[in-house]
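Alright, structures below, take your time with them.
Each of the next two complexes has chain A plus one more chain, namely chain B in the first and chain C in the second.
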Partner chain A sequence: MIPEKKIIDRVALDKLYESLKAAGNKMFAPVFRNEQTNFEYNPAATEISYSHIQTTQSVKNTVFPKIENLFRFESSQKSVELVQIDFTKVPRVIVWNAHPCDAAAFSALDSVFNWDYVDEIYNARREKLVVIGMSCIRADENCFCTSVDLGPGAVKGSDILLTPLANGKFIAEILTDLGKSIADENASLFTASNGENKEEVLAKVEKQFSHEKVTENLKNGFENSFWHEFSLRCIGCGACAYVCPICTCFDIQDESKAGKGRRLRCWDSCGFGMFTLHTSGHNPREVQSQRWRQRLMHKFSYQPDRNEFIGCVGCGRCSRACPVDMNILEQLVELEKLEIAAK
Partner chain B sequence: MDNLRKKAKELLESKSVDLVIGYENGTNGKARAVFIKDPEKTGKLIYDERCKQNLAVYLNKHEVKHYGRIAIVAPLMVMRSILVLISECQVKQENITVLGIGNDGSFLDFQSMEVVEKYISKIPLGNPEPDQVIIDKLNAMTMEERREFWQNELERCFKCYACRAACPMCYCLRCTVECNQPQWISAPAHPLGNLEWHQLRTMHLTGRCVSCGDCGRACPLNIPIHLLTMQQAEEAFHMFGVRAGTSMKADSALSTYKPDDKENFIL
Partner chain C sequence: MSPSNIYVPYLMEIETITEEAPEVRTFRLKFKNQEEGENFKFSAGQFAEYSVMGGGESTFCIASAPTRKGYLECTFRKTGRVTNALSKLEVGDTVGLRGPYGNVFPIEEWEGKNLLYIAGGIALPPMRCVIWNTIDKREKYKDITIVYGARTVNDLVYKNELKEWEERPDINLITTVDPGGQTPDWKGEVGFVPTIVDKVAPNAENTIAIVCGPPIMIKFTFPVLKKLGFSDENIFTTLENRMKCGFGKCGRCNVGKYYVCKDGPVFTLSELNKMPAEY
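Then we have the complex of A and B:
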């Protein structure tokens, strides 16, 4: 569809939120709690944060929750009976006030979960997902969306993208049919646009590196000594992967009691030593430098090659969450600078 | 600071050590760990109030251990962690040089680990004051209130294991939470699995925790899990009169049997 531009003020925006919530949608909006901001289900409109730069966690758990029930089972001595879960009953979720980096990350997830195996539960959740984005008027030193082909006002992935103006009103860009249906159903809350320009208010995020050059260096630098240097500090936890909007590694766990149980899909991380440990005892990624290399390689070499996207939206969450200052932006800038001979 | 840098440089130049672990200026105003092999780079070393990470965690890291003899910048918590690691045969005393940092931030030139032990024996030990205040508040609650507090806090844990990775004493190659034959505790990050995980970790650290607080600092979700192991550190001291990280000899409260152990905890 051809995008439309409207204006909505703050009072009307709260009304829109409450009306979508009252209509039975599960709202997923950012709230400040425990000294950080994170998305929560169905907060009151008054609880929603509009002042944060970035939430600690991403919004990927709307479609890829930290624990996903895949099916139930009941086993007796002779047989195992599988009880499928009716995925059609997943609720409609509206991600409210997600920054453009988060909105853009969904297309990467779509690609991963439909790459060869078409993931039924992921797609069931994704089809019911609506994204109301919010452009960034502020950024911090960890943000680098413009270095990965996105930006503080990027429309990718949003059904409606809001941009806060200096006068307290918001530009609402209606971008998809889904967004249009929401705008049409609540038409009285919007007013006509008067040529407001979002570029004037957007955060300034300088481009810090060329991702093409990073990818090229990664291709030629698999055996380079910088992996060891870069990763000595890394303690091998999963904080970076768990807050990342694109990291999708998972582990399968069965939980059962007296033969009855369920199979769960749980978040996992390639940073963990156990991640690639074989039953033989051999571990192809024996040390942390190999695991850290895998993390950057996957995002900036393998995914651009195989899935045609960069596995990073520049949200900076991993750098903020890292307990030991493994700053991904610093490392990507260093990687770009390296002079590595092409093979 | 100059004394610290000078000493680190001397140690590397004379090849008395192969690596110096210390703190440097990181990104965005943070301090972080640095690993120095070249004596000319010892000028990077810093020490100030931002230097909170317990660097002893690196002594057991495969790639770091590989270097051989290590000098490590060590405020009190790091010194105590080193003693625990020596007592548990995780690092060799002769491979470690302590670049001590006093409570006032000054450099302490220790000649041997025995001197480190002696230094620690003269310092009153216990949990950091602000943490102990919260622990006292929790202890004053009813059991139900306390359970509710912890259920609320632990519910949001997503099991990234930053707490475990940041802890020098969590060095098991295979943690109980990762054993699945049999499965001792629930691996998924649901409320029960989270409660089981943090209880297990707390029990495993009882009498071994030096109250550095790094598990809580590492938590990306601000869950104050350090209060659990700190509470147990006090408990172990009151019951057995032992504080972790005061001696190179194995004397851990829960793994050392003594005929005169108090048994008043048996119901």
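Then we have the complex of A and C:
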């Protein structure tokens, strides 16, 4: 559809939120609590944060929950019964006030869960997802969306993208049919736009590196000493993967008591030694620098090569969360400069 | 169950259990739902995810040949959590199975050629499927040679089948055990697999070599084959990377831009040479 531009003020925006919530949608919106801003389900409109730069966690758990029950089982003596979970009953979730980096990340998740084998559990959640984005008017030193083809006002992945103006009102870009249906159902809350320009208010995020050059360098960079030099301090805690909006590595485990239980899919990380450990004791990635290399190679070399997307939206969360200050931006800037002889 | 949930396994009943070696068992499994069994098609080289409800899921190759209808077999050594749970099961118990996954050995392309199978220890099971598959179509292939080694005589798996292969005039079987692993009446070779391959010196002319074993065995066998004149395209192996989903999503078996579960597990040496050595 052709995008439309409207204006909504703060009072009307709160009304829109409450009206969508009252209609039975599960709202997922950022709240400042316990010294952190994070998305929560169904907070009151008055609790929602509009002033944060970045939430600690991403919004990927709306479609890829930390733990997804795949099916249940009941076993006794010689009989085993599998109990199906009805994924058509998952609720419609509206991600409210997601920054453009988070909104854009969903398309990468779509690729992973739909190439070759189609993951209908993921799709059941994804098809019921609505994304109301919010452009960034502030950024910090960890943000680098403009270096990965995105930006503080990027529309990718949002059904409606809001941009806060200096006068307290918001530009509302209606971007998809889904966004249009929400805007149409609540038409009285919006007013016509009068040529307001979002570019004037957007955060300034300087482009720091060329991701094309990084990808090119990585092609022959597997054996480079860079990995060892830049990752000795990595403690392999996996925090970077857990806060990443694109990391999808997962584990499958059973939990049960007295024969009754569930098989579940849960978040995992290539940063853990156990991730690749063979039963024999052999480990293809036995030291931490090899695992850190896997993380960056996967995002900036393997995924562009195999799935035609960059596995990074420049949200900077991994740098902020890292307990030993591994800074992904710093490393990508170094990787761009790296002189790597072609093999 | 809904066919659209790709994580839900078929339910299989254990028909027989064979003790192959210390802590190594073969399960013969049949589909509880006959219709699922009739629709299940696989080819030599593919693997499956086997599970015990409550005990977890693990990856092994399908060890029986597609030419043997009506059942599937898997062979495993009791080592980790899942194989411990599997080991506790008895005939009549239920096992979950997802699959088949992965690519296949191109056995049609091998027709008219000699086949050289080289396996070490518990790596004979992933090769047993393709061995029987080609033996069941014996007239299509020239010489079939099997070099199989284990740590000790006791650790050799499929002892009955080894006997059968040994007795067949159209199969050349060479068994070996590591130095110190022999018994007083051991008639086979003594020495590590690469050394024995070097000693047997099979002719590389018009021959496909299929190698499977512990990483260290594979590492030392490839140079021997190269020395004998095998080209990288004619050397096949099946990788054993740790897996969970089996369908290219969980990220565990990612090596370079490849997923062992999707692009493999069967690779030629020529393909391996293009990948980072993370297997």
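Convention: the second predicted complex is superposed on the first by the 343 of 343 C-alpha atoms of A that agree within 3 Å, B and C clash if a C-alpha of one lies under 4 Å from a C-alpha of the other, contacts with A are read in each partner's own complex, and residues count from 1 in each chain.
Here, a contact is a pair of C-beta atoms (placed from the backbone, for glycine too) under 8 Å apart; a residue touches a chain by one contact, two chains touch by 3 or more.
Remember, predicted model here, so these are calculated numbers, not experimental data.
K.L.:
Name the contact category of A:Val80: first (chain B only), second (chain C only), both, or neither.
P.N.:
second
K.L.:
Just to be sure I read the superposition right, which of the two partners does A:Asn34 touch: chain B = first, chain C = second, or both, or neither?
P.N.:
First partner only, chain B.
K.L.:
Given the touch rule stated above, what does A:Gln253 touch, chain B (first), chain C (second), both, or neither?
P.N.:
The answer is both, since A:Gln253 touches chain B and chain C.
K.L.:
Quick check for you: in the superposed arrangement, does A:Leu70 touch first (chain B), second (chain C), both or neither?
P.N.:
Only chain C; A:Leu70 stays clear of chain B.
K.L.:
In the superposed arrangement, which partner chain does A:Pro323 touch: chain B (first), chain C (second), both, or neither?
P.N.:
Only chain B is touched by A:Pro323; chain C is not.
K.L.:
Contacts for A:Arg263 in the overlay, against chain B (first) and chain C (second): which applies, first, second, both or neither?
P.N.:
Second partner only.
K.L.:
Quick check for you: in the superposed arrangement, does A:Gly236 touch first (chain B), second (chain C), both or neither?
P.N.:
In the superposition, A:Gly236 contacts chain B only.
K.L.:
Output check: A:Leu165 vs chain B and chain C. Expected answer is one of first, second, both, neither. What do you get?
P.N.:
neither
K.L.:
Contact-wise, after the overlay, does A:Thr56 reach chain B, chain C, both or neither (first, second, both, neither)?
P.N.:
first
K.L.:
Which positions of chain A sit in both the chain B and the chain C interface?
P.N.:
251, 253
K.L.:
In their shared complex, at which residues does chain A touch chain C?
P.N.:
70-71, 73, 75, 78-80, 82, 84, 87, 112-113, 115-121, 222, 248-254, 256, 259, 261, 263, 265, 268, 270, 275-280, 282, 284-285, 290, 294, 297-298, 301-302, 305-306
K.L.:
Using the touch definition up top, name the residues of chain C that touch chain A in the complex.
P.N.:
Contact set of chain C toward chain A: 1-2, 4-9, 11, 51-57, 77, 79-80, 83, 92-94, 96, 214-215, 240-242, 244-245, 247-252, 254-257, 262, 276-279.
K.L.:
What residues of chain A sit close enough to touch chain B in their complex?
P.N.:
Those in contact with chain B are residues 34-36, 56-57, 66-67, 141-142, 228, 231-233, 235-239, 241-243, 251, 253, 255, 264, 266-267, 269, 272-274, 286-289, 319, 321, 323-325, 327, 329-330.
K.L.:
Sort out for me which residues of chain B touch chain A in the complex.
P.N.:
26-28, 30, 32-35, 53, 57-58, 61-64, 156, 158-162, 164-166, 173-174, 178, 186-190, 214, 217-223
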